[in-house]
Structures are given as structure tokens and as C-alpha cells.
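Dropping the structure in here first, questions after.
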Amino acid sequence: MTMTLSDLLPLMPLLLVTGTAVLAMIVVGIQRHYTLTVVVTITGLLIATIVAAMMMSFTNQQVTPLLVIDQYSLFFTVITCASAMFIAILSYPYLQNLQDQREEYYLLLGVATIGAVVMVSSNHFVSTILGLETLSMSLYGMVAYPVHVKDSAKFPLEASVKYLVLSAAASGFMLFGMALVYAQTGTLAFSSVVELVNGETAGLGAGFSIVALLMIIAGMAFKLSLAPFHMWTPDVYEGSPIPATTYLATIGKAGMFVVLLRFIEASDALEFEGVVLVLSLLAAASILAGNLLALLQENIKRILAYSSIAHMGYVLIAIIASFYVEGSISIEAVTFYLLAYMIMSLGAFGVASVISSSESERDHIDDYTGLFWRSPWLALVFTGMLLSLAGIPLTVGFIGKFYLFFAGVEAALWVLLAALIIGSGIGLYYYLRIVYRMVLKADDATTLTSDGAASLSAYGVLAVLFVLLLILGVYPAPVMNLIEVISATI
Amino acid sequence: MLDLIWLLPTFPLLGFLSLVLTSGRLPKPIVAAIGAGSVGLSFALAAMIAMTFLGSGEDYYIVETFTWMSVGSFTPGFSFYLDGLSLVMMLVITGVGFLIHVYATGYMDEDPGYSRFFSYMNLFVAAMLMLVLGDNLVLLYLGWEGVGLCSYLLIGFWYTKPENGYAARKAFVVTRVGDTSMAIGLFLLFAHFGTLNIQDLMHAAEIEWATGTNLPAIAALLLLGGAVGKSAQLPLQTWLPDAMAGPTPISALIHAATMVTAGVYLIARTHVLFELAPDVQILVAWIGLITLLMAGFTAMTQTDIKRILAFSTVSQIGYMFLGLGVGAWSASIFHLMTHAFFKALLFLGSGSVILAMHHEQDIFKMGALRKVLPISFASFMIGSLALTAFPFTSGFFSKDEILLAAIELEGVGFWLWLGGVVGAFFTGIYTFRLMFVVFFGENRGHHCEGEYGGWNMSVPLMILMVLSLVGGFIHIPVEAVFSHGEAHEEHHASLLIEGIMIAVPLIGIGIAYLFYGSKTLSVENLMASSLAKNLHKFWNSGWGMDWLYDRLFVFPFMWLARINAKDIVDQFYGLVVEINRAAHQMIVRSQTGYLRWYALSVATGLVLIITLGVLL
Amino acid sequence: MILVILIALLFAGGVLAWMSERVNPNLPRSIALATVLLDLLIMLTLLGSGDSGQWIASLEASWIPRFGISFYLAVDGLSLLLILLTAFLGIIAIGSAWDEITERAGFFYFNLLWTLAGVVGVFTALDLFLFFFFWEVMLIPMYFIIAIWGHENKNYAAMKFFIFTQVTGMLMLVSILVLAYFHYVQAGVFSFNYHDLLNVSFTSRVEMWVMLGFFIAFATKLPSVPIHSWLPDAHSQAPTAGSVILAGILLKTGAYGLIRFAVPLFPAASMEFAPIAMTLAAISILYCAKVAFAQHDIKRLIAYTSVSHMGFVTLGVYAWNEQALQGAVMTMLAHGLSAAALFMLAGGLQHRIHTRSMPDMGGFWAKVPRMAIVALFFSVAALGMPGLGNFIGEFLALLGAFQANIWLTVVSAFGLIFASVYSLWVIQKVFQGEYNSSKFDDSHLSDLSRREMLYFGAMMIGLVWMGMYPQSFLDLSAGTLSGLLSATADAAVAVAEVAQ
Amino acid sequence: METIPIEHGLILAGILFALGLIGVLTRRNIVFVLMSLEIMLNASGLAFIVAAARWGHAEGQVMFLIILTLAAAEVAVGLGLIIQMFRKYQTVDINVLSEMKG
Amino acid sequence: MTTLFYLAGAIAVISTFAVIVQTNIVHALLYLILSLLSVAVVFYVLGAPFAAVLEAIVYAGAIMVLFLFVIMMLNLGQHTREQERGWLAARVFVAPAIMAAILLGQLLNVIGQLSHDVEVTRVGVFEVSALLFGPYVLAVELASILLLAGLVAAYHLAKK
């Protein structure tokens, strides 16, 4: 199965993103111009988003063994590109005063997006590794981006080193696991793993397959920062510039989750009781550890980091449920929750990003004291995002959690649901802590907004996200229908 | 005419509302006019109704106004039931009530809470009328609680003194214990008969319940609980003496003439039930007897003029209970009425004394007042004679009937009678102890300027004097009410017994004279022994009942409340929070910041999940 | 359609009030008042337009077809009573906030109206998802009311309130989902419609667990021992209007949930569970009365008495006969007024002398006689004086409960005694005794103003009305309740047979 | 040609992988850490080649090529970071990178 | 050939072990090159000459040279041995060694079940190329993107 011309059409979004990155590189090569680079990047991502969205209705195709361009992958391509675009917009004011070359950042962002698009379309080990590593490689650069700035308040270098070393080790696990699978089945496509499960090769106990699968899952769990592979998360989040953190927390997580979903679904890995058990333990441990760790944190980024650990645990419940539930409800749950998670994480980090800049990051909880009275709209958005993370109605987070509960109930995963409830209960505490700080009376009444046209666009992003948050929270039916349709393709 | 019966409670209620809504802005004469006038109107109406009713020859008359609530079969209405019993009660309440109101217009003249006082009083009369006129137990309960509330408000009328507030709360809470028991009784009755209409209930009970079975006994016991609370009988008698903290007209109206006898009314009203439960009925008699004796002992040791009268009230209600217990229903009601006359007289008289003595209530700080306060003396004299059942005073006839009914009872009747006679002996002693100490002897230093107040205080006293003297000749028309219940209408007592009953109180008076009048005998000698001192102390404290209840109920409750003020359940959740915090502190230490540690954790995680995955 | 308007009006009014703050800081309160008044008027039009026991008005529109969720609102007599109470107390709450809330008034009234909107939604929703949605929606604005305008320990209180209700709410969500799933298994389609879910059948063990999810959520809101401890903190820290809403309305949503959902959906399990629920009720009544007595903080005291009084509601609901249910409903209404009034008085006192500590108070009768009389009235109402609404409720509840469980009723009846102990204690501590101004700042101690008298007067009239002629209220809910009773009659018989 | 037991090849890869892991976990010198990571990646590559040999496929070799690419890129970025680190801290001790914790 | 396989394997294990316990970084690097070369031999034995060549050229050649550059730049080597010795106490090996041992034990356990002697077939550059420029052409392109990412990141990070 080689490439043909007809394969190029489904690849359009990917090609567009690649083109954007290349174009940006050329622009940088000709003339370093910050705004122009940003505009090129944003425009390219926007076009890719639109094209991907338009293609959704008619594209469903395997392109070479590596990529599958179906509605599901296009859906996440849209989300990925849109998120990347939002992050690019948010980065623009943030990096404006960086005393360094700023253009490469957008280059890295573009390339990372390529990796992410590949990941969400991948159903093959080779494309998984390539997408993942492209994404990670760019993120190493983005995380460490302000490394040259003297006396920067944060520790981009430390973050990047920790991320690189641990991530590479995790990739090693994943690769070794893949090798074991390959040794047994002889192909590198996800679907090959079914043969492991069905025991077509004689003479092997289940042990071999389980070890192979679990090594792959461990690698993925690391990227998703599931406990006990979570420890890097807060440090990397805290050390990175906020837009990079945002990228890591949203696109990085969602891309990996789509891979995990496809892998689990295509491979029937859950046929092994051991795998189910381990995934359940990972989910429960992540929920509890993430929430408990966040409990008394004073740093917003760390709180969000820990909470993302917990949230990944929540979604994992739906993945486990998919094994027990007929129909696609749990896949829909995963999809919807990921969408919700993207919106609320983008929004939460977005607010932090708007009131911060590369030279002064405001990520301590005290920086938000009285925000409600100083910058009411920002505070409103932030409150909305936090309440959504906590799963309160009127927000998309509630619908997401509702989906998870539904999947969990159908699969009768009572223990995990109990963990979900306890975790959400603990979670309320630290989300509300932030909200409470915001409604406190401020000591100084200065508004925390950087003005100018640059941040205007960032405000626009926040507004869009907030509206999405509410619309999907109040009238989710259209999106649900869409997700129901696309989930059937998995 | 009879259909206007609903106006009876309405007049005082309107008085209450107009006084409350103007809240003290009216001038005193108008307040007095509204306060006393509304009750006067009621009395006039009551009198006319009484005449009409007696003239009509009917046994009873029902006036229905509107349904209070209708929930399934539970449909109590604001309906009034008039028969001989409620007629007597209605007249006593409005009549004596009106006199006391008039008296109070003078008595409270200088009090800043004049209007407040009369509003409470009016509310009380309204509630009391509800109590006795209601045709169902729920309406009765409405009045029952209403009078309790007014009692509370009026005992604590002078609110700046904390002990008055304490007394008021004590009165309310102790009676509420009884009320609760009564409420449970109502639930029980409703659960069995599906109605709380008194007449329907009584008919149903007679038909469905056999005499001496458990259910009527329990129901009667529960109602008895309410009755002993309201009427200050054992074991809930402790509140009444403290209730004297209120203004004296209150003591006269509420704590002597009307409210405290509500228990007697309740038992009389539901006598069918008690007849179905003979054990409980005899228990009523014993309660009455023991109470009257205990109160008699205590009254002899008191020095506060109002407390002496209070214990005597307890004691006299004991007689009424005794009468109820032996089935002398109409005798008890008769005694209720005469007691209302003479006890109101005594209290109002003591009120005059107290005012004249500038709010001094210790009898040993008074003396030789008969010259200075002739009207008070006269009222006390007549009241005391009636109280001690001096022949041909009102108290004589009523008490006589009760005791005669007691002795005719088979079995324990003689002992009940004997106890009653002994009680009468004590009554003589403590009543005339009071008389001799206060009105005879020498003045003990306190200056007294003579009678206080004008006609509005003296006229009611005089009317009550007359009633106390001749009240015994009034015939109460209750035969129809108790027609089937009363075994003995005519008493045929031997001369010996009659003689004893006449002589014993006189002996008591004589002894009082020897100790306090002529000083022939010395109280000091009597008090010399330590046994006597301790007994005196014991009796003086009301047989230690307060002490006992403090330790049995009040202190444990306060202790429980105090140790658990923070709510132990809440502390449990505090513990949950602490556990979470501790877990956070513990787990957050794993985030050391060291890369190698993180790497080790990743490796450990891998090993862990592989091991688990393979093992399971 | 009228139901949507009811809710949407409140939501919109809230936003408008918030926005209007920029124009004039006094505008929000007027807008809020106008909104709720308008709402009340619309509700009153529903009064005449239908027979009790029927759905007076309803609206059903598809909302989330994926799960068979519809936007289904409907009102019957019971709901109507409760939304009327909501609007009435909403007005009272706005009145109590009129002068008290001066900072960020726009946002305050926004939150107030949104809470009311959530509550009206809860009382009218007949789709369980929608019900849960509103159930949670009312929490957030309430959280803000406590957290922003509360007193010294507001963060703790607001947090506790939120976490308690939210966590137990999630248990209910799980139960709702199990219910919906069973419906799916049995009927083949997803549905959250109340009427559909009434037909779901269970094995008894499952039914018990699912019922417990509902019960715990409702018992938390009610609240009932042992999940009551959020309430004293929330009440004592909330601003007056917040306490009014909390005590007057929010607690009633729990009781409403029990009557409308917990028992009818799971009749057999509820009957089986009734002795335990009634035991909890009895414990609530006695235990919280006792704890109330020990409090120094006047608002905490009133809060504990609320728990105690709501115990009668639980008792009545689980006795599940006509008198008991009517008693529960009447207690809800009467307690709504009396507790709201008491909190307003406590709030008024705090506003005047800046303390809630009762040992510091005393002898206020002479200083503020009108307030004293009003306080006396509502204390007496709270202790169950016949002639006032609370008596009707508690008496009926006990009367009905006696037929279901004699001993628990007898024990609960002792609550009447305790109620008199603490109610009179408050009067004694605050209004009687010696006046001592050294313990607090009495420069602002003034008697009730005309406006305050208006609010209290309205509530007093309400209580007397309920006490003297409760029939106007009983008639409204009678149809609904008898409908529920007959619907669950089979299950009751079955359980009784098993018990024998 | 002779036969080679495939499991022995995989075991060799496993041993190398474990040794690499030990290196990552024990060394404080960040250059050593990076080298140990290379060992791990290389071991994975070896495993792919062994597996490919079992099937006589070229796909395993493709995967190896990709691992090679990724190792190269990772080393480039990693060494860049090391240079920055050395500039900032004048040391290659990774324990200095522990300013964020908790 | 089998002998060669085991011999190269043994050398790889030994030299790798030497790498992780070496204190002299230059020596360690040389051991690593030795290890990589012996793995290249294993590749060859397993019938993957193309991979073997790449292993030798790219891995042992280019990448290792990169390391060498950095080591020289940072002036590490002989004089940092003392420091390394201090860092490399025996106790730091305990936990990692146990972990690695368990992991290896697990791997050996499950791999041991897989007994499959293969007839080594030679899969040369042609087959690989056919695959690379056939179905896997996208992989090649993506690999170039990956390298681009590495390039840009490394450029940005390493510059002064």
C-alpha cells in the first residue's frame, strides 16, 4: 500500500500545518519579524482547522499503513489545530517583551502541532512514535524557551531537563514494549495486538502479552501523567512559560489520550484481566494522588498540574468502561470529556497567561487575590473554568463528568466511581480556594491587565472559550450528536 | 343567643389585638377600658348565654363556625360545645376574670408595662375560654398551650430580673412536659378512633374499649400527664410556687382561679376514659392526696405570703384530684368553683397587702395590719375561713362533698378520706398562721400607710367576699354531664364523720392560734431539735423536688449540652479534613524535585504494574 | 411556557441587576425586587387555573436526545406551594439585604436571583437530569453569597456548604444514572423522564442502594443528622439574606426531593428504610435541639433549631400517610417563614450591635420593644404554639407518624419540650434580664424600622394564616399528595406482607 | 545459514535495557544520564531488529531507523540543554536541578 | 555465526556495564562506542546489514562524536573522576539495581516462554528501501520533521 495522489486529500490538514511551519521558517529565514511570524502561524492553523472541519463529513480513509483519517481523527485534528491557534494567540502578548529571538517559538509550536495531528490520526506504532516524539521534541524547546533570559523568575531549564530525561526513558519503555509485541505478531499496526490476545501463537502464556502491553501502557501513562508516573508534571508545568504549559497540558494530553484510546480499542487489550486491573489502579491512584497533592498548593500552575493528573484518571475510567459497555457510550464519554478538558484547561491557563508575561509570571495563588474586583471579566472566565474543572453544572465540565458517570454506571465500576466522587470532593476544595481568593477584597486595586492590541486578541480567545464552556454546558446536544457519529468510527 | 358563643373568646382576643397593635401608645384609662371591658363584655354575654341555655333545658349545644383543617379523616373545627361543665367554667373564667381585671386596673396603675399587661391578660382569657369551650381535643389543646404561653409571659412580666425569667421558663417547660404527654395521648386516641371530637371519642371509647384494659389505661395516663402538668400536681408540681414571681393579679387569675384548674377540667371532660381505666382513676386520687399532704407540710414552713398561698393552691387542687379519683366529678368541679372564689380573694387581698407594704412579701416582716388594712383583713379573714372549710362558708360544702365521696369508696376509700382530713388539719394551721402573723401581733417595723388604691380594687374584693361566703349554696348544673358516671348523688354520712370533718380544721386553727396568736406555745422550742430543723428545711424546699429534678434532668441536660456544644458530629468531619491534610502533607513529600527520584518512581511504577499485571 | 418564563425571568433579572450597578449602585436592588415581584404575580396566575392533583402547567422539550433528556418542567399543587414560598421569601430576602448589602450590590442580587432561579427549577423540574442540573445550579451563587458577603469565617463555611452538598449530590447523580440505565435495560430507550422512571423495577437490594443515593443527597440538604454539620456554619456566616434563603427555601428542596422523588421512585425500599429514616429524624429532632441549647452564637443556635424542626419533616415523609405528609408540607412552609424571620432578627441584631454572642446581650426589651415582640412571636411560633403554622405542621406530622411508628413518634414528641427550652432561652438571654451596654457597641441599637416591620408583619400574617386557616394551603397540596400515596400503595402493602 | 534462538536476542536487548535503566537511575552526571538513555533506546532498537529477524521483515529495521532518528534528535536537544545548564550552574550535577518541588 | 552472536552479545553487555559504572567520562564514552559496535555485529548476524551499518556510522559515529564535542566543551574528563567517584557510592545502586533486576526478571520470565529458533534471512538495504519509499514514505517525511524539531530546539537552546 503505497502513497497515491488520492491519499493527499485526506492529508490536507496535516499538510497545511506542515506548510504553516515551513512557511514560518522561511519567513524567519528571510526577515525576522515577530508579528508576521505569529500571523502566519495563526492563519495557517486557522485554515487547517477550517479545512479539517469541512472534511469531516466525507473523509474516512486509511492513508498508508501509518495514518487513519477518519471522522474521529479529523475531529481531534480540528480541536488540536484550534487549540494550537489559541495558544499561539495567547503566546503573542506573553512573549512580546522576551529579550531573545522570539520567532522560533512559533516554529516549534507549528512543528509540535504536526506531531499532535499525526498522533490523533495514528493507528500504527511507527506513526505513534514519530508523532509523539515530534511533539515532545518541540515541547522540550518550548518549555526551555526563555532559558537565555537572565534572572528569569522560573526554571525553564530545570523543567526541560526533567521532561526530556524522563520522557525519553518512558519512550524507551514504550518502544521496548512495542518490540515485544512486534516480536510476537510480526506487524506494527495496532490491530495486530488482537492476535496476542486471541493467542494465535501457541506456546505463550498470557504473561508475555501482558508485559508487552503494560510496557506500552506505562509509556503512555507517563505522557498522560497518570500516577505513579506523574511526578514530573508539576515541576515541568511550573517551570515552563505559561503558553508552553498550556500546550503540554492540553494538546499533549489529548493527543496521547486519543492514541491510548485507539490502541486499547483496536487491540482488545482489555481482554486481559491484568491490564484492566492495572488500568483501574492507575485511574484510582491518579484521582486520589492528583487531588490530594493539589489540596494545599499555593501555585496555580502546580494546582492545575495536579488536577490534570486527576482528570486523566477520570477519563481513564471511561476507557476501562468501554470494555464492559456495549455501544460507543464510553468512547463518547472519553471524547466529550477530552473536549471539555481542552476547553477548560485552555481557559484556565489562558487567564494565567493573560495576566502574566515572560518577565513576570503570576502563578502564585495570592496574585489572584481580589481579581474579581480588579478585572471582573477575567475573574469570571477563570471562575467558570475552575467550576467546570470541578464539574459544576452550566459548564461543559459537568456534562463531561455526567458522561463519565454514565459510562461508569453502565459498566458497574463502583469502586472507580467512588474514587471519582471522593476525588471530585477533594477537588472542590482547591478549586474553590482559588475562587475564594478572587472574591476576597484586594489589598491593591491595580488592574492586572496588560493593555494594548496584543492582549485584545487574547481576550477574544478567552471570550470564545468561555462562550463554548457555557454553550456546551447548557445545550450540548449538537456536539453530542456529532461525537456519537464520530465515535462509531473507532 | 347561643350561637353567639363564638364571641366569648373573640372579645378578649380583639382586646388583645388592639392593645398589641397600639403597643403602649394609648392612654391608661383607655387601656383599662379595653382590657377590663372586653372581659366584662364576655362576662355579660356569658351570663346571658347561661340563662338562655339553662332556660332551654337542653343537655348540650354545639356551635360550629368553620373547619380548622381537614386532612383525611382528621377534621377538627372551630366548634364550641356548651354543656353544664363548660358553662360553669365559662362563667368562672369570665366572672372571676372580670373582677381580677378590674382589680388589676388599680393594682398595675404605676407599672410602665400597663398596656402589655392587659394585652397578655386578655389573650389569656381568650385562650382559657377556647380551652373550656372547644368541642374537640385539638381546639382544647390550642387553648391549653395558649394559656401556658400567657402564664409564661405574665410570670416573666417583670423581665429585668433574671430569676423572674427563670421562673417563667420553668413554668412553661415543666407544663410542656405534661402537654407533650397529652399530645401523645391525642395521637393515640386519633390512631384508634379516627377523630378527636370529644363527645364522639367518648362514645366510641365506651363502645370499643372494655373497662380495665390496657389501651384506655394508657390513654388516660397520657391525658393525666397533661393534667398534672397544668394543675401542678405530683410529679410536675414544682413550677407553681416559683410562678408567684408574676404580678399578684396573675397569681389570682391564672395560678389560682382558672388555668391551674384546667387539669381538673380535662379529667372531668374525659371522665369516661378514666372510668374505663379504674386503676388510673384511683391513681388520680392518690396523686391528689399525696400532693395535698406534701403541699400542706410545705405551706406550714413558708414565709412568703404568696408562696404560702401557692402551696395552698397546690393542696386544694389536690383535693379536686382526690375528688376526681373517687368519681366525685361534680364535687370536684364544685370545689373548683368555690376555690376560684376564695383563692382569688386571698390572692387579691395579699396583693393589697403587698402593695401597702411596698412589695414586701415576707410575713414575718408584717404584723398587726388588721387596723391599717381593714378591707384586706376582711378579705383574708373570709378567704381563710373558706379555705379551711369553716362551716357554711363555700369551701366547707365543696370539700365536704369530696371527702364524703372518698369515704364511700370501697377499699382504699377510708385512707383517702383520712388523708384528706389530715390535709384539712394542716390547712387550718398554715392558713391561720398566716392570718395571725400578718394581721395580729405587733407591727414589725415596716411602715404601712393604709389601703392602696380606690374602688376598682376594693369592689372586686367585696364581691369575691360575698361569693366566698355564699358560693357554697350555688347549684352547679353538671348532672347531665356526669349523669351516667356518678354513683352517689346524695351522701349519707354518719354524724361522727361529719363531726370529725368540721372539728379537724378548727383544731388546726386553734393550734395556729396557740403558736402564733397567743404565743402560748413557742415555735422556737419546737424547732430546737435537729430533726425538726432538718424536717423544716426539707419541707420548706418543697420536699426536695426541685433538688431532685435538678439532678435528674436539668444538670444532666446542661452537662450534655455543655460537653457537646461543639457538636461531636461536626468534629468527625473535622477529622476527615485533618486526614486529608495529613495525607496531602505526606504525599507531597514525594515531590522532592530530584530528577533521579522521579526516574526511580517511574521505574518502580513500571515494575509494579508489570508485576501486578502478570500476577493477576 | 409560563414556567420557562418564571425561571428565565429570574436569570435575566439577575444579569440585569448586575449590569445596572454601573448605572446606579441603588438600581440593582430595585430591579431584583421588581423581578421577584413580577415572578410572584405570574405564579399567582397559576393559582386559579387548575385543579389540585393535576399538572397545572407543564412544558416538555427535547434537550439532550442522546440520553433521552428533555427539558421538562411541570407544576402541580405541591410545587406551586413551594415556588410561591420561594418567591415570597425571595422578596423578604431582598428586603433584608436592602440596607445591609452595600458593597458590590449588583453581584449580590445577581447571585440571589440565580439562587432563586435554581430553586424554582428544582421545584418544577420533572426530568431527573434537569432536576439535578438545577439542584447544582443553585449552589454556586449561594456559595458566592456566603463567601463574599459573609462574616468572619466565611471561607470555611462556604466551602463546607459547597462540598457537603456537592459530594452527596454526586451520589444522587450516580443513583439517577443507575435508574436511567435500568430503564434503558428494561424499556430499550434512554429516558430521564420522571414518569418513565416511576415504572422501573428493581431487585430489592439494588433498589435500596439506589434509593440511598437519593436519600443521602436530600438528607444533606434537609439536613438530617449525621450530615447536618454544614448548616450551622453556613448559617452563622452567611449574610442575613443568605440565611433567609438557606433556611427558608434551600432546606426545603431536600424535603421536596424526598416527597417527589426518593419515596415514589423507590416505594418498596423506602418503606423498608422508613424506620431508619424516622430514627434519624428523631435523633435530629432531639440531638440538634440539645446542641442548639448549648450555643452562644445566636445564628448557630437558630441553625441547629432548623435541623431539629426539619426532623419533623423527615418523620412525616417517611410515615407516608396523609396527615404525616401534609404535616411535613406545612412544616416546610411554616418553618420557611419562622426560621427566615428568626434569621432576619438575628441578622438585624448583628447589624446593630456587631455581635452574635448571646452572653453579651440582654435586656433589649426596653430598648427595642417592637423587635422584642416580633422575636417573641417567632420564637413562640418555632416552639409549636397552636394557632401558628408550625403547630399545624408538627402536630399533623406527629399525628400521622404515630400511626406508622409509635415509639419513634413518642421520642420525637419530646422535641416539643426541647423546643420550648431553647426558644425561651433565647428570649431570656437577648431581650430579658439586665441591659448592659459595656459588652457591645450600642450606638446603632435602634428599633425595627417601618420597612422591617412590613416584612415581619407579612410573615406574621402568613404564620397566623397557616395556623388558623391552614386549609388554603392543605387544599393545594392535597391532590398531589394523595396521588403519590395511591401510587405507592401497592408497594406499601407488599412490604407490610413481607414484614409479617 | 544457522539458526539463532530469537529469545536470546530479546534477552540481550532486555539486559542492555535494564543496564541503561540502572545508568539513568544512578548517575548524577547528566552526560552519563543522557548516555544511559541512549543505551535504553539502542536496546529497544536491538529488540526490533531481533523481532524483525524472526519474521524476516524489513519493518523492524524501519522502526530501528526511526529510533535512530529520534535518538539523534534527542541527543542534540539534550546536549543543548546540558550546555545551558553548565553555563548557568558550572556543573553537570543533575541534583542542582531541584529548585521546584512540593 | 551463532558463536559470533553470543560473543558480540557478551561484549555488548560487558562494555555497557562498564559504561554505567565508569567514573572517567571519556572512557565511558569509548565503552559505549564498543557496545554499539558489538550491537552492530549482532545486527549483522541477525541478517540486518543495513541496520548494522547505520548503527556503526550514525550511532557509534555521529552521535557519539556529538557527545565527545560536548565533553570537550565542558572540559570534563580525568579531573572530574574524583567527583564522579563520590557521586557513585555503592548505596545509590541498591534501589535501581533491585528495580532493574525485577524488571529484567520479569522480562526473562516472559521472553523465556518464547522459544523460537529463526532461520536468519538476510533483509538487505533493498527490502528496507522498498518499504521506506513505499508504504512508509510518510514515516520518512515525518522523521524529517522530527529532525527539524530537534534542529530548531537544539539551535535555540545551544546558542549563546
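Note that the chains are named A, B, C, D and E in the order they appear, and that numbering of residues resets to 1 at the start of each chain.
One rule holds in what follows: a contact is a pair of C-beta atoms (placed from the backbone, for glycine too) under 8 Å apart; a residue touches a chain by one contact, two chains touch by 3 or more.
It should be emphasised that the depicted structure is a prediction, and the values quoted were computed from it without experimental measurement.
J.: Can you name the chains that touch chain A as well as chain B?
T.: Joint contacts, listed by label: C, D, E.
J.: Chains shared as neighbours by chain A and chain E?
T.: Chains touching both chain A and chain E: B, D.
J.: Going by CA means, which chain is nearest the middle of everything shown?
T.: Checking distances from each chain centre to the full centroid gives C.
J.: Based on C-beta pairs in contact, work out which chain pair has the most and send it over.
T.: Of all chain pairs, the one joined by the most C-beta contacts is D-E.
J.: Please name the chain that ends up farthest from chain E once chain centres are defined by their CA atoms averaged.
T.: B
J.: Counting only Cα atoms for the centres, state how far chain C is from chain E in Å.
T.: 70
J.: Find the geometric centre of each of chain C and chain D from their Cα atoms only, then give the gap between the two centres in Å, rounded to an integer.
T.: Taking the average C-alpha coordinate of chain C and of chain D, the gap between them is 64 Å.
J.: Please tell me the distance, in whole Å, between the geometric centres of chain A and chain D computed from their C-alpha atoms.
T.: Centre separation, chain A to chain D: 26 Å.
J.: What whole-Å value do you get for the distance between chain A and chain C if each is reduced to the mean of its CA atoms?
T.: Those two chain centres are 42 Å apart.
J.: On chain C, where are the residues touching two or more other chains?
T.: Residues: none.
J.: For chain E, write out the residues touching at least two other chains, lowest number first.
T.: 95-96, 99-100, 103, 106-107, 109-111, 114-115, 136, 139, 143, 146, 149-150, 153-157
J.: Please list all residues of chain B that touch 2 or more other chains.
T.: 588, 591, 593, 595, 599-600, 603-604, 606, 610, 614
J.: Judged by the touch rule stated earlier, which pairs of chains are there in contact?
T.: A-B, A-C, A-D, A-E, B-C, B-D, B-E, D-E
J.: If we count contacts the way the header does, which residues on chain E are in touch with chain A in the complex?
T.: Residues 106-107, 109-111, 113-115, 134-139, 142-143, 145-146, 148-150, 152-157, 159.
J.: Given the complex with chain B, which residues does chain E contribute to the contact?
T.: Contact set of chain E toward chain B: 95-96, 99-100, 102-103, 106, 109-110.
J.: In their shared complex, at which residues does chain D touch chain E?
T.: 1-12, 14-23, 25-29, 31-32, 34-36, 38-39, 42, 45-46, 49-50, 52-54, 56-62, 64-66, 68-77, 79-84, 86, 92-93
J.: Under the definition above, what is the set of chain B residues touching chain A in their complex?
T.: 580-581, 583-585, 587-588, 590-591, 593, 595, 597-599, 601-606, 608-610, 612-616
J.: Which positions of chain A touch chain E when the two form their complex?
T.: Residue list for chain A touching chain E: 1-3, 18, 21, 25, 63-67, 101, 104, 107-108, 111-112, 114-115, 118, 126-127, 130-131, 133-134, 137-138, 140-141, 144-145, 147-148, 160, 180, 183-184, 203-205, 207-208, 211-212.
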